[in-house]
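Below are structures written as structure tokens.
First chain A sits with chain B, and in the next complex the same chain sits with chain C.
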Partner chain A sequence: MIRRLTPSLSPGLLAIFIFVALPMLWVVRTSFNDLAQGSFIVETFTLDNYTRFLGDPWYLVNTLWFTVRIAILSTAVSVICAYPVALYIARTTGVQRNILMALIMAPLLIGLVTLVYGWIVIFRGGGLLNSLMIALNVYDEPVRYMWDIKGVVILLVYIGMPYIVLSLMDSIERISPYLVEAARNVGASPWTAFWKIVFPLTMPGLYAGLVIVFSLNFAAFAVPLMIGDSNTQMIGLVIYREALLNNDLPFASALSVIMVSVNALILVGMAVLFGRLILNRLEAKR
Partner chain B sequence: MTRLDFGAVALRLFTLLMMIFLIFPILVTLVVAVNPREFILPPSGFTLDWFKAAWSSQTFLRGMGVSLVLGVVSATLANALALPAAMAMVRHDFRGKAALNLILMSPLLIPTTIFSLALYIWFVRIGYGAGLLPLFVGHTVHVMPYAMRILTASLHNFDPSYEEAARNVGAGRVRTLFSVTLPVIRTGLISSFALCFILSWNDFPISVFLAPPGWTPLPVELYSYIKFQYDAVAAALAASLILLSVVAMVILDQLAGLRRVLRS
Partner chain C sequence: MSDDAIQVQGAMKRYGAVMAVDDVSFNVAPGEFVSLLGPSGCGKTTSLRMIAGFIDPSGGAIRVHGRDVTYLPPERRDLGFVFQNYALWPHMTVAENVAFGLKLRKKSRSFIKDKIEESLSVTGLSGYAARLPRELSGGQQQRVALARALALEPQVLLMDEPLSNLDRALRVVMRRELKELQARMKMTTLYVTHDQEEALSMSNRVVIMNKGRVEQIAAPYELYENPATTFVADFVGITNFLEGVVVDTEPGWVGVRLETGQVLRAVIRQPVSRGSAVRALIRPERVTLSTAPIDGLNVLRGRVVLSEYFGAVLRYTVRLDDGGTLRSEVHNFDGFIAPGEQVWICALPEHLRVIPHERRAGE
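After this line comes the complex of A and B, so read on.
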């Protein structure tokens, strides 16, 4: 059977093998190479690129830990923004639902650079956000959003939110309305019904959304590049700088290996945590 | 007022606020693009001057041409690679099918930055250096999983007995493909092409890593423009791109359902 299918499957698989698998393996190999004067790669086996990053407290604090913190923060804020929206949209029907869904999905199909342009108009020193906040007396002095981590976090929340709304809705739409009704009939308050029935059943959707958005945020490089500054050294941006501006491919490769490994570790941690959460809920129900 | 009502109203208000958050930067760009007095808001009139300037800029037109060629070529190649694979996956069961599917979808699992860096290093390694090939390969491989996903979904609804019928009356393989299979899954193919095109058209990270000098796609061109110069001409260009994305959104929604297409 597989032999008969070889002609149909092999072009795609071959493309993946030559242009994804081999290049990724080659990144791992390159991370152990050395860089000679004049940006020449020297084939050798050294751990220098790793110790240069992992042995330097400055990189560890200002790049790795900083990226972890920013990714967790912006993912968490995305979830807080997305959850109520997903609950609300799941209840709507007809035209209202179509409009809301279009608004949610629009940022996913409009290019990042295009979206960033609008945000720059909003963020600038005398821009819309500062004028609005000062007019509303939220604060008196203009706040720096542009070239600052505040702007980066807002952008990451903005980009991440639609993904979480969509994956939460997958879960919410599967919940039978009769479940909530039944809980209400036996005397549960709306709040209890939500907390005991709806919330646990949205865990799979929430988890799926978290995995996607955390990974996107952890690997972010375009947003810190366009909105951030030298004070927003997220690891994706450092990889970009080392590879394209400093032409230090071995170091950029080592950083990539570190980034993927740390991301994988955090995802494993999340899987364990969510497994526990769901299991505990099931235990409690028994 | 019961607590339930209060909750419902709060939920509604919060959703409204979030929708404003999502749409605001898009609206701001559109308004700045047609506002005669540069950046002075609220708008004081309507002008298409910025659009004229943007559409007559040599840099932008060049970038547009590059993005157009890149988008069409990579969407075509991605679909040509994905279609036979999707057909094999949908119609046959074999050992290791799930694993093969995962491999074909793997570009989605790798951060774009690292995928682009890997290709960049790989092409340096095989001695190719900077050129057009890495850029086109990068875009094609990046959008291929999306084509796989849409084509797989549309082939699930396809009845293979149509093909058998065509073969029975003497049509060859190629003839059957072009006069039966492709017309039947037309909407799937068009949506897949549209999605691949728009993803390539909007891509920034892959192009930043892989575009050779003289072949700068539009998003990278727009980025280098707004890095140094910040005016309403850029707004008009951004607005044009927004309108194009809206067109793509409508096409995708009509043909395949936007939500199914974007499922991550």
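After this line comes the complex of A and C, so read on.
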């Protein structure tokens, strides 16, 4: 089977090698180079870029750890918001479903820049969100969302939701309603049937959504750039500054290598965790 | 009356303008094996699912051991259910599937352990406790589903076409095992099937359903020998119909004049009124062919048009001289009758059944 698939896959594999693997190898190589007089790359082999990162708490804590926390937080909130939505949409049919799907997919279709400008109208001092919250008596004074971490998280949550909804719906729709009936039949309340049967069986979809959204959030760049301020130094933004504003490609490369490695580590951790929890049981052994 | 394990009274289910289940009533006595038999769409599964609580009835009442459960949620009915597609929880091992309901009932760990072992051994699954459902064959999965239901010692076991996803050979084996197990455990069982062989061979009584209504409730032998309606006669086994009108009524028997003018005598159990349109029916195995002329009552004449040899059975199709065809089945045969040969048939009055020729909507 695998042997027969190989020829048809090879152009794709070649493309991945040329456009993904080679540039990454180049980035890895560059991260060991030096910068002379603050602007010229010197071909060498130095660990300076890495020691600079590891030796500076600003990078370690305010950038990397901060990014990890923001990515975890916004991914978690995305999941909490997306789960009931996915459950609800999975039960709808026809026109209602098409409308709901279009609404959920909207952030993916609009384009990030347009989307962010749209949210500025909502976020700004006298904007929609503040007017609404004040009208609902949630708080009295306008709260700052723009150029603040709150706005960044809200937007990341919003952009992450469609991915999680879509991948969850795929899992939810695979669950036969008979499985829930069988649980009810042996004495489970609707709530117990959900937690013991439906929820575990949506783990594959949840996992797929988590992987995508966590990676997107971890590497977020446009949202912190446009909504954030000098305190929202997510690592993607810092790399952009080092590469294009400070012209320090070797250091930007080192940051990129660190970002990709940390992300990969977290994803491997998630794979192990989810595999142990449930996925190993659901997937056929090879 | 409240001695019944299950009592269904005037149960109804309406979907828009369609009555999926229309005024269905029957009961299941403790320890009894009752089947709901009928073609697809006859309302048998809907009836079973209403009893289990998966569907709310539009009307009527359902009682379990005298307790009204009509609008109770399924988890409060204490009924076992075995699904056609097994419905095993794929993320749980065999043991976990069986234990799930026991854990919900807060049984002790040792009790659960014993119960798992017991129900797996009863269903012939000892040694499979740690397997996942996907590692089992269809037959084994259905045994797990059965073990899962039995472990809870439900008041009644409801089964929805549990064997129809299995291949034929396995189905026959499982059918016998299931019946043997049910009889041994004296488990009150309500069994839905479209397979008449299953229903006839396993049940104490069969409820025949058609278009949402009950056609007849009777023991398998009664159903076959004394069908109450044309539908039952046609659905259960193969039968020959002869259309006619009642011309003579005597205590215990009637004369039925066929369209050809010939009058057949038939033994009756329920009185039929003179002049009513009826169908006289005779089962193929009661139709004996003779190549020598016979005289007397109830003799029909025809020609063999087709003979089909199946080993244990020889089937003839006979075209009657007066029109119409009869099928004949011979089990102990000592010679073949060639197609084209003239045959005489004596339909004994005690082998003929008379059924009112009802005309119903949609027929």
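Operating definition for what follows: the second predicted complex is superposed on the first by the 258 of 286 C-alpha atoms of A that agree within 3 Å, B and C clash if a C-alpha of one lies under 4 Å from a C-alpha of the other, contacts with A are read in each partner's own complex, and residues count from 1 in each chain.
Throughout what follows, a contact is a pair of C-beta atoms (placed from the backbone, for glycine too) under 8 Å apart; a residue touches a chain by one contact, two chains touch by 3 or more.
Keep in mind it's a predicted model, so treat the numbers as computed, not measured.
Pick one for A:P107: touches chain B only (first), chain C only (second), both, or neither.
In the superposition, A:P107 touches chain B alone.
For A:A182, is the partner it touches chain B (first), chain C (second), both, or none of the two (neither)?
second
Looking at A:V238, would you say it contacts chain B, chain C, both, or neither? Reply first, second, both or neither.
neither
Just chain B (first), just chain C (second), both, or neither: which does A:V27 touch?
first
Given the touch rule stated above, what does A:L64 touch, chain B (first), chain C (second), both, or neither?
Touch partners of A:L64: none, neither chain B nor chain C.
Please determine whether it is chain B or chain C that touches the greater number of chain A residues.
Higher number of touched chain A residues: B.
Just checking: does A:T192 make contact with chain B only, chain C only, both, or neither of them? Give me first, second, both or neither.
A:T192 sits against chain C, while chain B stays out of touch.
Touch check for A:I212: first (chain B), second (chain C), both, or neither?
The answer is first: A:I212 touches chain B but not chain C.
Classify the contacts of A:V153 with the two partner chains as first (chain B alone), second (chain C alone), both, or neither.
In the superposition, A:V153 contacts neither chain B nor chain C.
Kindly list the residues of chain A that each of chain B and chain C touches, one partner per complex.
Common to the two interfaces on chain A: residues 189-190.
In their complex, what parts of chain A are in touch with chain B?
1-2, 5, 7-9, 11-13, 15-16, 19-20, 22-24, 26-27, 30, 81-82, 84-85, 87-89, 100-122, 128, 158, 161-163, 166-167, 170, 189-191, 212, 215-216, 218-219, 221-222, 226, 236, 239-240, 243-244, 249, 252-253, 256, 259-260, 263
Where on chain C is chain A touching in the complex?
52-54, 73-75, 79-81, 83, 85, 87-91, 100-101, 104-105, 132, 134, 148-149, 152
Which residues of chain A touch chain C in the complex?
Interface residues on chain A, with respect to chain C: 176, 178-179, 181-190, 192, 196-197, 200-201, 278, 281-282, 284.
Considering only the defined contacts, which chain B positions touch chain A in the complex?
For chain B paired with chain A, touching residues are 3-4, 7, 11-12, 14-15, 18-19, 21-29, 32, 39, 41, 80-82, 84-85, 87-88, 92, 94-96, 100, 103-104, 106-107, 110-115, 117-122, 124-125, 137-138, 140-141, 144, 148, 198, 201-205, 208-209, 219-220, 222-223, 226-227, 230, 234-235, 238, 241-242, 245-246, 248-249, 252-253, 258-259, 262-264.
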